[in-house]
Amino acid sequence: MSVRNVLVPSPARILKSEDMTDIEKHIELEILDKEFAKRFVYKPGQFVEVGVMGVGEAPISICAARKKEDLLELCVRKVGRVTNAIHRLKPGDILWIRGPYGNGFPMENMEGSNLLLVAGGLGIAPLRGVLQYALTNREKYGTITVMYGIRCYTAMLWRDEFLQLFYEGDKNNVEFFLSYEDPSDKQCYELQCERSDRCMSGVVTKLFELKEVKPENTYAVICGPPIMYKFVVQELMKRNFDPRKIYMTLERRMKCGLGKCGHCIVGSGRNMKFVCKDGPVFTYWDALMTKGMI
Amino acid sequence: MTNTQKPKIGIFSLTGCGGDQLMILNLEPILLDLLSRFEIKDFQEASSYKEEEAELDIALVEGSVSTKTDLEKLKKIRERSKMIIAIGDCAIGGCVQAMRNGQMSMEERMRKVYGVDVDYYDVLEPKGISSYVNVELEIPGCPIEKSQVLHAITSLLHGDMPEEIDYPVCVECKLNGYPCLLVEKGLPCLGPIITAGCDARCPGLGLDCIGCRGPIRDESNVAAELEVLLEKGYDEEYILNRLRFFGGNFEDIQKLTKRISEKSKGRRNSHEEDS
Amino acid sequence: MYKVLPKENLQSLFEGLRKIGDVYAPVKISGLSHDFRKVNSISEVDLEYTRTMIPPKKFFVKPRETLFEFDEEKLQYAEVQNGGGLNVILGMHACDINGLKVIDAAYINENPDKYYMQRRESTLIIGVSCTPDEYCFCRSMGADYAVDGFDLFLHEIGRGYFVRIGSEKGLRVIEENSSLFEDASKEDIEEFKENERRKAESFKLELDISGLQDMLDLAWDHPVWEETAEECFGCGTCNLVCPTCRCYDVADYVELDLKRGERLRRWDSCMLRKHGLVAGGLNFRPTRVERLRNRFNCKGSLVNGLLNCVGCGRCTLYCPAEIDFVKIMKRIRGEP
Amino acid sequence: MKRIVEVEELTRVEGHGRIEVTIEGTEVKEVKMNIFEGPRFFEAFIESVHYEKVPDIMRRICAICTASHSLASIRTIEKAFGVDVTEQTKVLRDLLIHGEIIESHALHVFMLALPDYLGFPDAISMASKYPKEVKAALQLKHAGNMVHNVLSGREVHGMNERVGGFSTIPSEKSLGEIKRAMALNKAAAELAVDLFSKVEIPKYAESENALMALDPGEKFGFIGDYVLVSDGTRHPVEDYLELTNERTVKHSHAKFSSYKGSSFMVGALPRVLLNRDKLEGTAAWLYEKHEGLLTSSNTLMNNLAQAIELVHSVDRCIEDIDILLSNGLKDEGLVEVTPREGRGVGAVEAPRGILYHDYTFDEEGCILKANVITPTAQNAANMEKDYRVAAKRLVREPDEKIVNALEMIARAYDPCISCSVHLTRIR
């Protein structure tokens, strides 16, 4: 019988594994099986199951738009057994991947609109893919506003990349805002002194004080720690955003990625969702209809 | 740790039956292969060779702290070890020798068994080692299961912390399809509250679980077990004894003991008033 | 086309089935419990059983199985051969057949699970009629009758079994054993109808499921969850004996050489602590309160258009804490 | 000048002990075996426990002789309640205890004692030069553990042997596997005899020893109701208190035993010497061959006696399995037990010697009083005697040599210190 075994992963070689912070690495992978690579078409917001032999698998969101057939970029935070093991590996070592999984962000739906990207911490990783996609297809989108909340300067991911956007994004109609939680952080304070219109201390929702966000013709895309969603959504609802135009991507224990293992189930009897296959991208409307989602 | 230097290991025992070390020696077919992957710096039960001052990557410690000598020994192990793994119930919660903790004083135990005063020996109320020092990993069991030890060791050699089992025996019992002794026969099985990992050995032999792997910390609903067994007609002392065989140091079981002894004291008092 | 298998031909049919492959059937294993086991003689089989403890889902989603073996040095993943040849499950009840359909929806309809599909396709299912006891409420869940999902279905009548044919595979069995079957007479059909009517009337337990999904949604903050959590062990029995639960967990095991090993999966339960735990220590269902609520909501929800409960009564019967599924659902609905 | 020779911590023994010898000039002043294993007070906390679970707790006194404790406990309960078990149960129990002897002796003879004679700190480092011996040890030990696994449910603290019988009867297939393993490993057991008959056994501990062992009945074995003493007397096990005379000593958590005012020895050597006529087959032949070596006055010969028992037990396992298989295994269930008020005393020969359990029950079958006397506790005084004798003979030698001798003596007894530290007071 010629059914492909969806549980068997495919090897990928680590090309690059760079520390971005103490706990986050940027990893570039080359998919070795070229047939698999051809099928491996993904969009921003999707994730892969990344496995280390003998340790297990973990869902990791893809952090870049697809540029080359056999290339895959991931941002891995060291939080558990699998991610710890990934951090130990060096260029040349092998990871085992399955995917891509999940629905991803509907980039086509958002064409012709302004984008408001709100990220907290590691939440910037999937949004980086959205941003890259939008920048490569720049003519298809209106103003892009990015709000990025970090703890401190050293916790900022892709620092060079985003600082460049912070300073020069306007040329490309990208407004990049930055908030930082540690008020004693000197480097962030310097950024704030330099561009007090783009940077301030506090949680990410503080940035709504700097930028007048309007709901018209705008899609909001949110990603961050679970606690962040409520507060960001509150700000957006105050500004009359359409719940169907607020996208967010959720974290759950997506063990299989295929809607089978059941760990990522969420909701009430009225509406049960598997985050891995029905999401991980949901609209705020989904969240209103699905108890316990945020 | 993968291919560079062999990890330095020490295998130690405090007060107990020695069964957890023995389970390691019972890995006969792979024992030499297994031990050859470490530099053994101390293994009192199997070797006369020891480097007392050597730093250790891993210290496997079995047995409970039951004497001041145990405690001193443990502190020394902690000082020289990067990681301590408690193997077996004794090292985790004191096991059977902690059965009467909070119920029977050390004085009473000394008088009953040795007929001498408590200060005759340097005894302490038996406790697991995490009551005194930081412990990185616990492998439960009386004795430990070989499969679990092996899984832990390969994980550590690989560089990972092994995953701990925190679900009850019922899970493995059902996976094996054994008829439920509690539901069907009304036997006082502790399966619902006891840490799995034994593959439900006892129910597999038709025997109700006596809890030799200890309750699941911060998870087991021992109060419910008491209620269920009371309903099945067992008396409180019987159930408490049973919960205490391997759970004497378990916080919820101690609370339960206290609640029951206060209640029965109250009952006695009210009887006295009645009469 | 309907047939009749006279009682005296059952043994011959059994022998015929053994020619197809291994036969699994309900066997009494304890005072209360039956289990589907491999049988070599019809005398081992008890077709009068009420329910097995472990549902026949165990043949398709295995309690434990190796997904594959790996050898990292050689960059190889080797699939494990799962069985092969045709097997027969004799004596499945309607509720379990319907339960399997719920799992089919998840395991076949999208991202098909290869192992599951192989086993499903290589198994012949022969249903058998049953008599409900005080734990059965399959009729309320619309699962008391199997419309499809079987190859043959035997309904007991006075002179033997009234046989329904559910698939080509089933038809082939009839053809190959044609001498054992007779055409159903008018009387046989009347008896079948009468029995079905009597069975429908004999249910002692009922659950109104109209609007159940909204009732559950409305009960999100109901005290029933906290009250039940006091009694509940969180032992996972309810999930493991459920014919529609299919959550699984995966773990890797390596050999001492740290190169070779295997990836295993086993049944999981949403009542266990780790089910809702993500890396970093955050647990989306930290206590039994959230876990119980999730389980009842999941059972009452429609996933892929199918209700996740078939009313087999196992979770109530085998719960060591005697938590009553139907009672809780009724309480949520506000019924006395 | 006062000189203290000390074995700081005994190694390759079960549990924790220290030996201290005080010498003044050429005179041995004091000999102490200090057992600093923590006491566990089994007899204190077993009170009020229902009989059915008593063996489950009591077998946890020791890991290496877990089945001995288990069977001693079960037999004690059965005696107290007047329970008779079936023939099949008796054979299964016999098989279980032979398995334990094999598992325990294989570990001790090859892996704990032999390194001393071959000049290695342990069996692991010995393996490169003596691969055959180490492999033999591991395979033999594994075969012994197979018996534990199949009959008892696991290697350590198994649970399948119960009051009244066995909870689940082993399958024919698993018994067949044990039989095969035993047949394959008989040569390993014989190798043990060969090794210990050829190595030079020191004589520094030579001195008179009183011996005690259970009377196994017709055949050489490990279960019995009477105690044989080397003075020619025979006593029911119920008289164990007079036989052992325990006392508490300040330097040890274990208590010390004596018989008629002097120390005595239990274990393999006393068993083989007191029951020599009951040995059969290869074991009997090997005994005769090495009779000259096996003198009661040298406790270091205990290893050779253990080796002979290994051969015997391997044969007996095969024989027991043949009996079981030819009779056909029957799922008999457990004999019904009616608890009653009263007392029972039961004994078995654990690998290290006689093990006594003594329980008193209330009418519901809950423990009122318990007493356990382990072989190592009985040997403790005799061990001290041997240390003293050896120290006297070696008093002019350097410390190192004395220490080595003391350790070898201790190891010859195969002491199980964990076991020895929970003894009750005679009330």
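By letter and in written order, the chains are A, B, C and D; residue numbering begins at 1 in each of them.
Quick note on the criterion: a residue touches a chain if its C-beta (ideal position, glycine included) is under 8 Å from a C-beta of that chain, and two chains touch if they have at least 3 such contacts.
Source: prediction; values computed, not measured.
**Student:** Report back the single chain whose CA centre is most distant from the CA centre of subunit B.
**Tutor:** A
**Student:** If you tally contacting C-beta pairs, which pair wins, B-D or A-B?
**Tutor:** Here the pair linked by more C-beta pairs in contact is B-D.
**Student:** Which chain wins if you rank chains by how close their C-alpha centre is to the centre of all protein C-alpha atoms?
**Tutor:** Chain closest to the assembly's C-alpha mean: B.
**Student:** Using mean CA coordinates as chain centres, what's the subunit B-subunit D distance in Å?
**Tutor:** Between these chains, centre-to-centre, one finds 26 Å.
**Student:** Where the centres are mean C-alpha positions, what is the separation of subunit A from subunit B, in Å?
**Tutor:** 44
**Student:** Taking each chain's centre as the mean of its CA atoms, how far is subunit C from subunit D in angstrom?
**Tutor:** So the centroids are 52 Å from each other.
**Student:** Could you tell me the distance, in whole angstrom, between the mean C-alpha positions of subunit A and subunit D?
**Tutor:** 66
**Student:** Where does subunit C touch two or more other chains at once, residue-wise?
**Tutor:** Where subunit C meets two or more other chains at a single residue, that happens at 251, 253-254, 258.
**Student:** Mark out which residues of subunit A touch at least two other chains, giving numbers and ranges.
**Tutor:** Residues 54-55, 81.
**Student:** Using the touch definition from the top, which residues of subunit B touch two or more other chains?
**Tutor:** In subunit B, residues 154-155, 158, 163 touch at least two other chains, as defined above.
**Student:** Which pairs of chains touch one another in this structure?
**Tutor:** A-B, A-C, B-C, B-D
**Student:** Give the list of subunit B residues in touch with subunit D in this complex.
**Tutor:** 13-20, 22-23, 25-26, 28-29, 31-32, 35-36, 40, 43-50, 63-67, 69-70, 95-97, 99-100, 104, 108-109, 112-116, 120-121, 123-124, 126, 142-143, 201-202, 204-207, 210, 212, 237-238, 241-242, 245
**Student:** Inside the complex, what are the residues of subunit B that reach subunit C?
**Tutor:** Its residues touching subunit C are 2, 30, 33-34, 37, 150-151, 153-155, 157-158, 163, 166-168, 170-171, 174-177, 179-180, 182-185, 189, 191-193, 216, 219-221, 223-225, 227-228.
**Student:** Touching subunit A in the complex: which residues of subunit C?
**Tutor:** Touching subunit A: residues 67-68, 70, 72, 75, 77, 79, 106-107, 110-115, 117-118, 121, 212-217, 220, 246-254, 258, 261, 268, 270, 275-280, 282, 284, 294, 296-298, 300-301, 303 of subunit C.
**Student:** Please give the residue numbers of subunit D that touch subunit B in the complex, ascending.
**Tutor:** Residues 9, 11-16, 36-45, 48-50, 53, 56-57, 60-64, 66, 107, 111-112, 115, 121-125, 127, 134, 138-139, 141-142, 145, 153-157, 159-160, 162, 167-168, 248, 250, 253, 255, 407, 418-419, 422-425 of subunit D touch subunit B in their complex.
**Student:** Which bits of subunit B are touching subunit A when the two form their complex?
**Tutor:** Spelled out, the residues of subunit B in touch with subunit A are 154-155, 158-161, 163.
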